[in-house]
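Both complexes below contain chain A, partnered by chain B and then by chain C.
Entry: the complex of A and B
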């Protein structure tokens, strides 16, 4: 445990040094940039609300990815699963608007998003178990298809009357929006979903046999089979859990954030969640704080261009550098441990 | 080379694997390192070979103290080791493996060198053959030649006779004697008395990480056994009983798997029988067991278990068929999971929650009963090979109808093997049928009532254990003599000649 916190310290140091070097190279004052990042994300209650709005989908996706990583699957398709969740929710809202009470419709729409995300993920899973297609390639392929589906819907069947545009479909009436807290633009339902996902995952993986079985199948599918487990079923279960949570994230993007379907509905949160999970060492515990850190960077970097004429992609640089630094520090730790053995 | 190990200690966390071991090997001698599983033999040899570093202690080579950081450094100074599981590259050819660890030499020259060295020691090599198509014995010979060509003067062999045929063992031992005559020092690690007695000039016995005694040729078996175990182990008794209904029926079954697959096998095994499967590695025994377990399907013919076709491993498992694979970490256990985790996996009756409490009881019980050196929380990959085998055996269901075992005592010392067989044969009294394969003919003759011999995928002999001998079985295994006449307990059993 001590060595792990030491690794984290080393990694944090590396990130700081690297980012400072990048800032110095571009001629920006590093201290001011860092302080802008912090003030821009956690400087006020409304900013915190925006950070948490990003934190919700990141946490949901990262939670889902814990299942797939635990069984040894690289669910790159999480991005497409977010998109399909958003599509499913939008479809249900469009189909049910006016026929059902808003509360019921919202719940049904979110459920549709979950189902579609899970189904999209299941497709990658079946391609893997039945077709022998590596889940990385299946997921990546399905991501492109999902992006294509969204564009087609926005510019085709669901286009705004008159003009189709990149700004997305017609916004839903406010009664179909998830309500916000009084103090900021953050939906308590969305927050509840993310916290719920964390609790559910902790319980499933820690207390029930699911976590143990996922680890067993991931560790050695042949042995798991001989010990009486059905490896395929658990592979698919992990994919469904990941896809369902990603789908929920997509649904929340529609009902709580954008109130319509837009081409960039996933905002790359799926890919970002992959980084979060890796940074968390594939463990659930650190997911929430790391997702918060990433969300803070994302929101905080928005004002960098205005204040310092810096590109807001600095947050991406820091996020990427964090993952590399952690992997490096971890590899170094393993190497040292091996040396000592 | 003259080797001295002086007061070697090695700790892995709380495990004290070597406790002040001292050992001396004179140049030109073959020195045995004997001990039961987990006695610290492999650890000690890995330290000498530079694979692991000692916690404390000195290594002296011809009087100079050496400290290796890598096995390559040890090889450069003339100390080479043949590991228990060959450390080679299966996808590469024999010649490519031979080329490893040396400066570049033209392939033709290297090939000539390899063939000359092989001829000198009476080894058969296939330079262009991918390693995955060679037997363990052939891979071992190749690795030995490679080390010798690198100028190794000290050879360490860790359990070299596990998984190789009797013929290969004789060739290996002759080669080792010749190498010793040339002035090289050989260290032979083994838990088999017969290996040490056949080959070694001197022996050091380890018990629980410390030196339990030394002896010189001529050895007294009883004395060695006492050093190894404290007291000589008892031989398990064969349990007699009349066989009952057919449990396992093969009808002209053909299947792939193993080196030769299975070719046209027909036989019937009845309730309560204990049947040993003999043959060189991959001659059909394991293909037989895997068909019976429903892990593979015949492409021709049929297999029936308890009166129904053998289809689907999980279904058969529910019907009381248990299968024990020979690859421990490959197929049997999940690396990364603890002993306790494995027991929690096995219990599937409770629907959803992890049965931690029951599993903890079972794990602790198994550790006590099977004398596993480890704790419930120990990851299985941290256990020694013999202890992993004990965990696998402990995971077998309690009241199986049909036990299918691939080399069940692989890597176990004599005492543990006997103890395991006592446990397994106790099942027989309750009507369990046991079918097992083993590379050791002695083991088969000791516990089995009936022996099936496989050669090149075909069932070539089916004899009663009481009416045959090691020599007779040995020649059937080699496929050199006409198959022994069938003496099967039922008229259905047909013996197929290859």
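Entry: the complex of A and C
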């Protein structure tokens, strides 16, 4: 345990040095830039609300990824699962608007998002179990298809009257928006979903046999099979859990953030969640704080162009550098341990 | 862990207590730009107008953020950015893209004591704008007519290409205006039948290139030049038309281009640039900001035209056309006469008989178009090639 916190410290140091060097190279004052990042993300309650709005889908996706990583699957398709969730939710809202009371419709729409996300993920899973297609390639392919579907819907069947536009479909009426807290742009329902997913995942993986079986199948499918655990079923279960949570994230993007379907509805949160999970060492515990760190960077970095005329892609640099630094520090730790042994 | 929590709490407390607002007497305004501030196109024209306001209206100060679109800034919404700008003391906020129409109304409703300007939108005209929102646009139609005019007088092949962004009322209106200017020059100056003029619009899908999402404007431009179109009129926010035309020049092709949006767009493209129809946002910004500063704000729909005394007057003309270095010398006096006739009202190109692309009547013989008919341009016109609506 001690060596792990040491590795984290080394990694954080590396990221800090690297980012400062980048800032100095671009001629920006590093201290002010860092202070802007902090103030821009946690400097006020409204900013905190915004950070949590990013944290929710990131955490949902990362939670889902824990299942697939546990069984040894690389669910790159998480991005497309977010998109399909958003499509499902939008579809249900469009179909049900005016026919159902808003509260019921919203719940149904979110459920539709979960189902579509899970279905999209299941497709990649079945391709793997039945078609022998590696889930990385299946997922990547399905991501492109999902992006194509969204663009087709926005520019085709769901276009605004007369005008197809990159700004997306016609916004839903306010009664179909998830309500916000009074103190900031954050939906309590969305927050509840993310916290619920964390609790559910902790319970399923820690307290029930599901977690054990997933790990067993991931570690040695053949042995698991001999023990009477059907590997295929657990593989698909992991994919469905991941896809469902990603789909929920997509539904929240529609109902709580954009209030319509836009081409970039997933905001790359799926890919970002992969980084979060890697940085968390594929364990659930660190997911929430790391997702919070990434969300803070994402939100705070908007201050850089506004105050310093700096490009806000610095946040991407820090995120990428963090993952690399942790892998590096971990590799170095392993290497050192081996030499001592 | 405890020290970490303490440190974070301290930083947060310091951040909240630090004053963020503007100094007393300063009028701070915010500018949301859809593209990069230095795109040599639409966004740069806005950015430079804002900088000029800072210089010429004492006591004003601008905060801007560029690349405000979901592709460049995933997860960032207009209401969030507006919250930030209001927090930094902005009392008036300008949103420079059609793309921001939903977000800016949402933000305006949430901040009733801040003024908002939505550029190119029609909320006020359509009667559904909050009191604190105005719309601003330039009557680019005239400058686009001039662009079409010089294009038709320069082309050797009789084929003019139009690099269109996405399809909507505004972009149809501007493509149509270019066509009307071109057709006028073709028929009345070159004395050739309109049927011999080819005018084709190809839409890329957005105001600028988004890899994987829009058609690549560089390729679209190359296709035009490779299939015999020798003058390309740009309708997009960025500079691909002139850049590709220059490449084709280097390969020995005789081609020209007309960029768009930004007065400086011909710089560095002297051998191909026929001129640029551009926006000068300064007069419009000035009117709205001064009204807000003096407490005389009202929700307005401003569609500001050229100053016909001098369409390139930086103080007064909201749209202009700057002839480019590649404009043939003999065309120059013809252009001047054309501008004069447009200005005096002797010439109105939005006059019937004009048909829509599907053959239905846009304007009957002798009828002139109203502002509404021009603003909400429903289709391209008969004689133009290309799609009238997104498929």
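Basically, the second predicted complex is superposed on the first by the 341 of 341 C-alpha atoms of A that agree within 3 Å, B and C clash if a C-alpha of one lies under 4 Å from a C-alpha of the other, contacts with A are read in each partner's own complex, and residues count from 1 in each chain.
In this text, a residue touches a chain if its C-beta (ideal position, glycine included) is under 8 Å from a C-beta of that chain, and two chains touch if they have at least 3 such contacts.
It should be emphasised that the depicted structure is a prediction, and the values quoted were computed from it without experimental measurement.
Superposition of the two complexes onto chain A shows chain B and chain C fitting side by side, with no clash. Set against each other, chain B and chain C touch different numbers of residues in chain A, with C touching more. Applying the stated contact rule after C-alpha superposition, one finds that A:25 touches neither chain B nor chain C. Between chain B and chain C, an angle of 140 degrees opens at the CA centre of chain A in the superposed model, to the nearest 10. Of the two partner chains, chain B is the only one that A:207 touches; chain C does not reach it.
Using the contact criterion defined above for the overlaid structures, shared-chain residue A:269 touches chain C, although it does not reach chain B. Touch criterion met: A:230 reaches chain B, while chain C stays clear of it. In the overlay built on the shared chain, the residue A:222 is in contact with chain B alone; chain C does not reach it.
Note on the superposed arrangement: chain B and chain C approach each other to a least C-alpha distance of 29 Å. Of all the residues in chain B, the ones that touch chain A in their complex are 12, 52-53, 295, 313-314, 317, 323, 325, 329-337, 341-342, 344-346, 348, 352-355, 395.
Put simply, chain A touches chain B in their complex at residues 207-209, 211-213, 215-216, 219-220, 222-230, 341. Taken together, the chain C residues at the contact with chain A in this complex read 8, 11-12, 15-16, 18, 63-67, 69-71, 73-77, 79-81, 83-85, 87-88, 98-102, 166-169, 205-206, 210, 212-213, 389-391. On the chain A side of its complex with chain C, the touching residues are 35, 38-40, 42-44, 46, 50, 54, 147, 151, 155-156, 159, 162-167, 171, 185, 257-260, 262-264, 266-269, 298, 302-303, 305-306, 312.
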